[in-house]
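Both complexes below contain chain A, partnered by chain B and then by chain C.
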Partner chain A sequence: MTFSTRRIFAILQKDYKDLSRNLFVSTTLIMPLLMAVLFGRMGIEGIASHYLIINLGFILVGAYVQSSLIAEEKEKNTLRGLMLSPASTLEIFCGKSLLSFIATAVVVAGSIWLSGYNPRNLAVIAIALVLSAVFYVGLGTLIGLFTKSVMEASVVIVPVMFIFSSGSFLTPFIDKYPVLAVVEYMPNLQLLELANRVEAGAGLGDVLLHLLVILAWVLVIHAVAAYVYKKRMVDE
Partner chain B sequence: MENIIEVTSLQKAFGSSRALKDVTFSVKRGEIFGFLGPSGSGKTTTIKILTAQLRPTSGSAYAFGVSTEQLNSEKYRQKVGIITDNTALYGRLNVYDNLKLYCDLYGVPYQRIAEVLQMVNLAGEEKKPVSKLSKGMLQRVILARAFLHEPELLFLDEPTSALDPVNTKHIHEGLLLLKEKGTTIFLTTHDMNEAEALCDRVAFLNDGEIRLLDSPKKLRQQRGEPTLTVELADGSMVIVPKGPEGADQMFRYMSSNQLVSVQSNHPTLGDIFVEVTGRKLA
Partner chain C sequence: MEAELYRNGSGDEVSVLSIKQLESYTEHSVVFPAFTMEVSRHEAVALHTGMNARAVLLGILTGKLPVAEGEITINGHIYTGRIRQAVPEIAFMLLEEGEYTRLTVKENLRFYSKLYGSSRPVDEVIRMVRLDAKAGVRLSALSHSERKRVQYARLIIQGSQLLVCEEPDQNVDNETKLVFRRLVQQLCGSGKAVLILTGNMETALSTTNRVYRLDEKGLQAFDIQGEEDQTEGLAEAEPNLLDIAEEEAVNEAEQTLRLFRFEKIPTRINDKIILFNPPEVDYVESSDGQTQLSIGGELYPTTFKINELEERLHSYGFFRCHRSYLVNLQKVREVITFTRNSYSLVLDDAAKTSVPLSKTKMAELKEMMGLK
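The block that comes next holds the complex of A and B.
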């Protein structure tokens, strides 16, 4: 398995040029920022509201833009060219994830600033946000690998947005159906819980468990994506 | 001569339909080897197996002495170039940026871009967006992309099937140039003229089976009728046997200054294909 930064940056650069000419996808980047401006103007308070916007950034940019980038390569038959080149799976994955990751980081940082969220412990929150961004980009890769076109990815993202939206719609039922407690381990809820505790004064050590759970999600989603990709390399 | 590709008793079934029945052939280093067959005969399936995009049902396929099952290595992919019927470029990028990406992927200097564009007669078209290219230009850029890293082995799946004669000629010239530089080319086509113009050897593929394999010249000679068509001064055409029994006749035409032209009666590869398989190529 090779790891060449020349190849990775070449794919990143290609994606950047491609995306900058793709209105359909690039307008998506603005949505979370618009929401943030709106919320900032209204003077919203409370961690939950901030994370509503942050989550929107994760899903629309991290997951959706990434899934479109992958789905389009499949739809237009360009992914095969990358697969058949000497680039390794790792290089292709890194190269194809980098642009979405950077865009997510920029959009989420921008929306945090615009909505006036001021974390009590920026370092811990930054680690949690970076891990979450990597997770959502991996989720996007997986969606892109399963869908055949950008259109299909745009449809699939709707239930995904529902499932991973902040303050899951399922939490109110946990008391009634204990089985739903697993929902609390969802990466979005872990992030929210972590943010709440940081706001209450918790340090890195106190939220380590939450970070580890998010990290586990990161590892699992990328392992699954890599497995699906390898399977897709060979038609049956 | 060394064999670059060795295929033995290759079979591929899709469910109950057998795309390849029992295919055996080898490709020598430096030659242009043609797979000639009508649509659905198994050409693309063979290329996909040889490039590790598809697993064979049984039999073996070796390239560079390594089983294609193990060919998903970066080292192998550096040595081969592949153009299939769904090879595509990035439409929003221009020609240069498309080729630049592949320079980076294959570790080739950017100066090579101008060289390969020259080879496919597209010099100076670097800045053109790929979405604005004609079908013929597009196919030539795809070919240029495959030339970038000067592959030792090039797979081409019907490289000129959508092109007009002028573009086809450019591509053929490019391929012959590449062959001169030592690239081995495995090419599929349903165009007998293409096979005749390019291939050192052709295999006739029909229904997943190779029915005949030889150089186009030998195939035509072996199956040629032993006659000549002679054009005379009065405009008439006469068929003359090639053997001694025709010698007197030829002597008479020549000594009385009646002979305008002589043509040997060889069937085309298309004729032979119909004869062997009972099927037309197109």
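The block that comes next holds the complex of A and C.
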């Protein structure tokens, strides 16, 4: 079975049309942009507030759209049809992830522009944001595999949103409870730390460690998603 | 695909699907005992099965269930239960097929066309399934029958050697039935093999001449319409034996009938014997040696053979429209010509039941009605 970009683009195009008519999902795309406009007009201070919006974009678009794309295929019984087609598993997930990735890139770029965030070193921040986007799309795939319908996915996304956007609230407690130091390795906090350093004038070499941690998250989440797919889909 | 799976690399064999000694058991009961069958190119085969056997057989073919006992060969490759290996060769149309309801008919088919790499123009396929007027309509706004036709279109686009259809025309309108029957003929004409799994005898008989029944007793050739071009000696031997037995039974029945004339037909349900007036009966159906009267949509088993009933009911305007059907002509509303060789009689009841009419009987019926 050969890897075919034609099939990936067929799936991408189909999902794009399907998504653009799905009001339930597509309205969530506007949320981060609205927040960005609001925060931008209010005149926000500090990197943390910018990253609150960016993280919201990652979760609502990257993770949520991806999970609902997969959950809907399961709900409507069309994933079986795709699996019985010549498209390989890799092609099916590539097509879907590509759409979520593009949507995430557009929305996050839009919200950065609207909120008036202007990083000192755009190249480094761009690399970090792309890696994070890939991570959140992988997270969405995992949620989509665990849930059976779009409704279920939208319920599961709430605690996920809490964990991955409110991590920064936990940092003050780290001195008190050393166990919480693990939290610092969360991808969102790594991204924030990286952005802070970039603002302080750090180059690519200085933030390499942070990028590697995010890359590790990317690899882990996709490996777990692949494992869960093998485990769940074969039995069903 | 591993090379050892190929029995021979040519792929130009006549037999597309071959099942050898396949059997299935669930816990204490037999789903179907070992059976052997073959579907060749240019050929449509209908399997008349119950829900259980159908689910198991489809489970095996779609890779959900393992091939426990026996062997399945598809296009010369031994099928091991890993569906991905057989994907380009089988196209499935299951009863519960998922569909993208937010996309229009055309968008759906364009997607399938790209997914399967088909070179056939989508518009041509849409015309074939008679959806040209609905090409720009979303699937969620289509009727059940029209959605089914989108599935037929997908089968055409897939262009696989073997097509497996589960209940292809359940609850669909007559136009869709017609589209399906034409489609099967066309696909067979272009060298494909079609396997139809259905619980509806009318569907089976009106789509193809090769009908089998698969149940816990095994695989039986159901009916060979007595057409000249059928040359399957083995399959025909059994019905012939049955005919002789039936004729003897008729002779015996005649002797008893001479004594007095009893016109009602007794049927037996549980311990009760119910008598029906011949004009009440819509049609008589015989399957598996069991004759059943259909009255107002209900089936009542009777102990008479269909040949005996044909003789007894002839004077009431009953007509033997098919080897296994005897229809009350007073109740027939319409004669539908699906293709040159396949016809159905639609009855004048609430459910618009249709009864198959075989080709040879069509001529006889025309003569009776004074049509030429």
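Everything below uses one rule, namely that the second predicted complex is superposed on the first by the 231 of 236 C-alpha atoms of A that agree within 3 Å, B and C clash if a C-alpha of one lies under 4 Å from a C-alpha of the other, contacts with A are read in each partner's own complex, and residues count from 1 in each chain.
Here is the rule we go by: a residue touches a chain if its C-beta (ideal position, glycine included) is under 8 Å from a C-beta of that chain, and two chains touch if they have at least 3 such contacts.
It should be emphasised that the depicted structure is a prediction, and the values quoted were computed from it without experimental measurement.
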Taking chain A as the common reference for superposition, should the pair chain B and chain C be classed as clashing or as fitting? clash
Chain B versus chain C as contact partner of A:Lys76, first or second or both or neither: both
Classify the contacts of A:Ala10 with the two partner chains as first (chain B alone), second (chain C alone), both, or neither. both
I'd like to know which partner A:Asp175 touches here: chain B for first, chain C for second, both or neither. neither
Chain B clash site on chain C (candidates 6-14, 204-212 or 294-302): 204-212
What part of chain A is shared between its chain B contacts and its chain C contacts? 4, 6-7, 9-11, 13-14, 17-18, 21-22, 76-78, 80-82, 84-88
Residue ranges of chain A in contact with chain C within the complex: 1, 4, 6-7, 9-11, 13-14, 17-18, 21-22, 73, 76-88
Chain C to chain A touching residues, read off their complex: 62, 83-84, 87-88, 90, 92, 96-103, 107, 111, 114-117, 138
Considering only the defined contacts, which chain A positions touch chain B in the complex? 2, 4, 6-7, 9-11, 13-14, 17-18, 21-22, 76-78, 80-82, 84-88, 233-236
Within their complex, chain B touches chain A through residues 48, 51-55, 72, 74-75, 77-78, 82, 84, 86-93, 97, 100-102, 104-107
